[in-house]
Amino acid sequence: MSSAGFISRFAPVLTIIAIIIAVWYASAVALNAPWAQDKAKRAGVTLSFSELVSDTWAQEKPKLPAPHQVATEIYNTTVMKKITSKRSLIWHGWITLSATLLGFALGTGLGILLAVGIVHSRAMDLSVMPWVIASQTIPILAVAPMIIVVLNAVGISGLLPKAMISMYLSFFPVVVGMVKGLRSPSAMQLDQMRTWSTPKSTVFWKLRLPSAMPYLFTSLKIGMAASLVGAIVGELPTGAVAGLGARLLAGSYYGQTIQIWSALISAAILAAVLVALIGLIQRITLQRMGMLR
Amino acid sequence: MSEATVIEAKNLSLTFQTNDGPVHALQDINLEINKGDFVSFIGPSGCGKTTFLRVMADLETPTAGEITVNGMTAREARKNRAYGYVFQAAGLYPWRTIGGNIKLPLEIMGYSKAEQDERVARVLELVELSGFDRKFPWQLSGGMQQRASIARALAFDADILLMDEPFGALDEIVRDHLNEQLLALWARTEKTIGFVTHSIPEAVYLSTKIVVMSPRPGRIADVIESTLPRERPLDIRDTPEFLEIAHRVRDGLRLGHGDDV
Amino acid sequence: MSEATVIEAKNLSLTFQTNDGPVHALQDINLEINKGDFVSFIGPSGCGKTTFLRVMADLETPTAGEITVNGMTAREARKNRAYGYVFQAAGLYPWRTIGGNIKLPLEIMGYSKAEQDERVARVLELVELSGFDRKFPWQLSGGMQQRASIARALAFDADILLMDEPFGALDEIVRDHLNEQLLALWARTEKTIGFVTHSIPEAVYLSTKIVVMSPRPGRIADVIESTLPRERPLDIRDTPEFLEIAHRVRDGLRLGHGDDV
Amino acid sequence: ADDVTLQLKWVTQAQFAGYYVALDKGFYGEEDLNVTIKPGGPDIAPAQVIAGGGADVVLDWMPSALASREKGLDLVNIAQPFKSSGMMLTCRKDAGVASPDDFADKTLGVWFFGNEYPFLSWMSKLGLKTDGSAGGVTVLKQGFNVDPLLQGQAACVSTMTYNEYWQVIDAGLTPDDLQVFKYEDQGVATLEDGMYVLGENLKDEAFKDKMVRFVRASMKGWKYAEANPDEAAMIVLDNDASGAQTEKHQKRMMGEVAKLTAGSNGALDVDAYQRTVDSLLSGGSDPVITKEPVGAWTHEISDIALK
Amino acid sequence: MIWIAFGIVFWAAMWWLNLRLSKAKPNKFTGFVVPTIFGVTILVLWECLVHGFEISPVLLPAPSAIATRFANSLPILWVDFVQTFVKGALSGYILGCGAAFLTAIAVDRSPFLQAGLLPIGNFVAALPIVGMAPILVMWFGFDWQSKAAVVVVMVFFPMLVNTVEGLKASDHMQRDLMKTYGAGYFQALTKLRLPAAMPFIFNGLKICSTLALIGAIVAEFFGSPIKGMGFRISTEVGRLALDMVWAEITVAAIVGSAFYGIIALIEKAVTFWHPSQRR
């Protein structure tokens, strides 16, 4: 990419980020001000505007921490800590990431398999699809502990239970997207295949799958985000020992908003990177398929 | 049904149910096509030519009557890969290059890699698209896409070739050339060919049998057995015999059009 | 550039960059089209006819040279809704009925409801599709779709009508009918028409100017000004004058095809 | 060594210091036990874990354990290191709460997930309805933290002496701003953090023996923690995989927890038990438990262990 | 043992029946009966296994127990449904999908926003609800407003991604046609790009319909009034009243499926022209 292309590509992102940060700082003032005033009132002093602002940006447990507070926290818990340390966000991030990736792989696999089944077998379509939908309406946080207890009882613990919850959340977008995608070839394209008396499997590989690509990648992006959420949710009932979810919970439990936000932002960065990665693969694939013009 | 009968339609009817009432696309069609016949279907737009071709290829199920192909049902014939089909619209897969599109049926039918390449090269040559095999469909002009789709149907050895207005988007010269090529191929391979066209001269030049259809409901108005010899140089088109057949076809068409125009 | 010049191309070139090298679709095209001209483009498949039409309608940007329409850029002309365009493939929107598809440009251009209905009925009649306005595109035959797409372009009053092989999928009789209708419309409205066809008689019958193109790179091989009167009954096609022009076109085409065939 | 799995009621913190100390100091090892401590969380019901076979011993509050018994899960208290209750309701004075008489028509934050029973029985004792009707109290399901109090969404929130209370203080409110109601002081205290096992397991002598050793080592841990609170807090900190705990907070928590465990040798105080049961039974129209529990505790283990 | 054996035999029989039914000509009847048989089979199998293996009701109650509890708790279930679904999920769903839709249009409209907002959209998407929920409860209070806010955050991304992708879905010729009409941006949008985007948009709406319910329920774990499906579930798990938990889950499943089904019906009506609807 040329440097000009680079600039033109990133200038918008940077601008938007700048706007968001400005809004963020302003909101920090607005949201944290009541507490600052409250404190001041109880202390019997009145705050000037600049005192107020600097107070709202430097509280220990602010309602909304200022960006630099979060940045400092992230810096302190990533760069400044050994990555093997329990206080290192990288260590926690890795724990969550591994469950996310495993869950994503399982979820995508399951999702695609189900979609293939649903598209090819009427029995599957009629009987499984409604239950796949129903499965998603079961609040995962409610059943997660039961799943964990049951898995524990059969001796499965560690990464896998979390990955299962990840999988549970991520397979659904993949099923929905892929069913639609695998059904998107036009009537003529399918007829064409029929005239060659093409076996179903070949129709799948040579027609349905390529036509489903735009749907697949959209689903994968959502699935990836869902799977990260799943990994984090899964960390709560597994004892919330480690991982970004545990950090979030602990932060929440002790009212440490700065810690919550830093875990939150790290999780979001992680997800954004993963989603961007899928976007990249999408570009490359579609390019090679001649579908990008 | 004689021994050589390849396709036989008996009292065939097909009605489409649409949001505003049924459409009788085919009604009471009776037709016999023999092995090695070159049958052209001609008739006004919307008279059911495409529908009939689709029924023959088991892409559409008739609502009444029956059709047999090689003594089997159309479905069995399709399973035996008896058909090469050129659709009215090119219908190339956008994610495959032209070469890849032509290879597609070959891959499906399990030709060897070498054979595939050899055949792709040969049919591309035939339709004058050599050198375009690595282009994507949207990089080709309309006529070129149409030719690629013809090439795709010719690349493998189907007994029955069904072509739905294959040459509609081509200029006269290319069209003449492909007409000749098609006749040569037909003579060489003894394929049975079903061919939809709007050009009377083309129908007469190519066919051993010309089926004139009339619309709403789609019926067969006339079946004309050609008296032309199988060997047909291009200038046969100036013979009185040729003109006479053409005349008969035109009359049939006029009749079919009826009060419509 | 005379006062009546509507479209003027100067040293127009267009090169597509593809995965395996550049394709010179148009090279050094110079052409003037006057108000009220009926210009046919004819030439072998892939010679750049569609591309040229697309350049005129500002759907493609030339890589060299320039084009002016009514003294403006093609872009401005497009924004002024100067064009009616019939694509080579029908391109109807599947979520709209035939009637809805024809209404589409009318809605965009802000015709009143009553006017819309009136126009839809009129053009459907013109292309012989009355009664089909509530059908969806996939419920129509290929030729019917093509006619619907023509109707769509005729429904509103564009100064310039660009038609890319509009009658390719139609039978002779409908085609003749539509040829007549088109001429009548042209005479009535003084539209400027750019028309791609592969049929020499059609080109000669319709046009005031016939542009013969040759391929790779796409160039203008010949521009033939028709000497036929503007008033043209169908049987003008048997006059010697007509045949002579047709002959000249055919020669141009042969030349253009060159070593290709 | 014999394997024992202990399921905590909440995340790793000084509330469970005794067990971590016993583990860290090798007290379990000395008893030839191989102990695994599973931290809990907002989503983990210890009773369910033990029912599913995920643990040998669980820590639970007695109201919740007794309620589970009524659901058919045979939980038996084998030891009770926590002598007194650390539960309280912390109110803002500026919300106008000076005594329990002021609760009416106020919004109170309460923990659920099996932790709500002491509150409910207190309210029924006060004759306050909790269903939101006029003259009663409005109940909020309180999240993990004390935000509702800080933000004035609730007049009072539930706090533990050793934990949430200090979060309120840390957040900048002073003890002067607050009015606290300890359950102990209100006479509605119930027993917290006891060790429970499944009754059927107690029929197994080998299991009983394991538990004897477990209780013995755990109590040794507790007494060590009481004596060395700072060291105990650091041990807890070392065992916290989330890396979220702070030294200051854990040391303070240890100090408070020591006050609650002080005076317990681990044996269940039968009077305290009876008080808890009575309080739960007396819940007016909607008591937590409906009949006097039978066999909900045993001294069999603690008697041997503490010999 | 008898329970288990019966369960397995029943399951095999129903499986066979379903295979038979789905091979038959598709009609309304099979479309309804096949999934029902499937569901009934699962329930019967579940009942048999619970009795057969004597699974403790504090781990997994039998369907019959759940049904009894369900029937006896209708008023509570209704109150919870209104609190969680109608107030929390539905309002959040509408707001969130609406916002995502508008954002997608903005993103589509302006290349600048496209480059700037989309990566950030990805970013926001991944803000895990578990982390967002406490914050949003802090900001929006305990009642349904914070649940709706959680739902907004949760559904935003799937809807955004799908809409953005959908807006790219019209083909070149269709767009060229619009150009020749000199159609303005909004005309091209309403007449071409939105209709063409509908299959994608409905994908998003369908996925979000289930997410919304999950989001609203999960958000209640982080603070709530003492009603609502999430509140009830977490409270009753703590009380080991698993039959009540499953009764709520049943409500969630019914409501969620119905919600999804309604959207699928609308989809069918709106995208009747798409190949996936014209099998």
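By written order: A, B, C, D and E. Residues from 1 in each chain.
Keep in mind that, in the parts below, a residue touches a chain if its C-beta (ideal position, glycine included) is under 8 Å from a C-beta of that chain, and two chains touch if they have at least 3 such contacts.
A quick note: this is a predicted structure, and the numbers were derived from the prediction, not measured.
Asks: Among the other chains, which touch chain B and chain C together?
Replies: The common neighbours do not exist; no chain touches both.
Asks: Which chain's centre, taken as the mean of its Cα atoms, is farthest from the centre of chain C?
Replies: D
Asks: What chain lies farthest away from chain B once each centre is taken as the mean of the Cα atoms?
Replies: The chain farthest from chain B, judged by C-alpha centres, is D.
Asks: Out of every possible chain pairing, which has the most C-beta contacts?
Replies: A-E
Asks: Once you find the CA centre of chain A and the CA centre of chain C, what distance in Å lies between them?
Replies: 52
Asks: Which integer distance in Å separates the CA centroid of chain C from that of chain D?
Replies: 85
Asks: When the C-alpha atoms of chain D and chain E are each averaged to a single point, how far apart are the two points in Å?
Replies: Between these chains, centre-to-centre, one finds 38 Å.
Asks: If you average the CA atoms of chain A and of chain E, how many Å lie between those two points?
Replies: For chain A versus chain E, the centre distance works out to 17 Å.
Asks: Would you pick out the residues of chain A that each touch at least 2 other chains?
Replies: Residue numbers touching two or more other chains: 63, 141, 145-146, 149-150, 186-187, 236, 249, 252, 290, 293.
Asks: Hey, what residues on chain D touch two or more of the other chains?
Replies: Each of 42-43, 45, 48, 52, 143-145, 147, 151 in chain D touches at least two other chains.
Asks: At least two partner chains per residue is the criterion; list those residues in chain C.
Replies: Only 19, 89, 136, 138 qualify.
Asks: Got a list of which chains touch which?
Replies: A-B, A-D, A-E, B-C, C-E, D-E
Asks: In their complex, what parts of chain C are in touch with chain B?
Replies: It comes out as residues 16, 18-20, 23, 42-46, 49-51, 88-89, 128, 134-136, 139-144, 146-147, 164-165, 168-175, 177, 198-200, 250, 253-254, 257, 260-261.
Asks: Quick one: which bits of chain B touch chain A in the complex? Just the residue numbers, please.
Replies: It comes out as residues 54, 57-59, 78-81, 83-85, 87, 89, 91, 93-97, 104-105, 107-109, 136, 138, 162.
Asks: What does chain E use to touch chain A in their complex?
Replies: 18-19, 22-23, 26, 30-31, 34-35, 37-39, 42, 59-60, 111-117, 119-120, 122-132, 134-135, 138-139, 157-158, 161-162, 165, 169, 172, 199-200, 203, 206-207, 210-211, 213-214, 217-218, 221-222, 229-230, 233-234, 237, 245, 248-249, 252-253, 255-257, 260-261, 274-276, 278-279
Asks: Which part of chain E faces chain C closely enough to touch in the complex?
Replies: 173-174, 176-183, 187, 191-192, 195-196, 198, 271-274, 278
Asks: Can you list the residues on chain E that touch chain D in the complex?
Replies: Listed in rising order, the residues are 56-59, 134, 137-138, 141-142, 220-226, 231, 234-235, 237-241.
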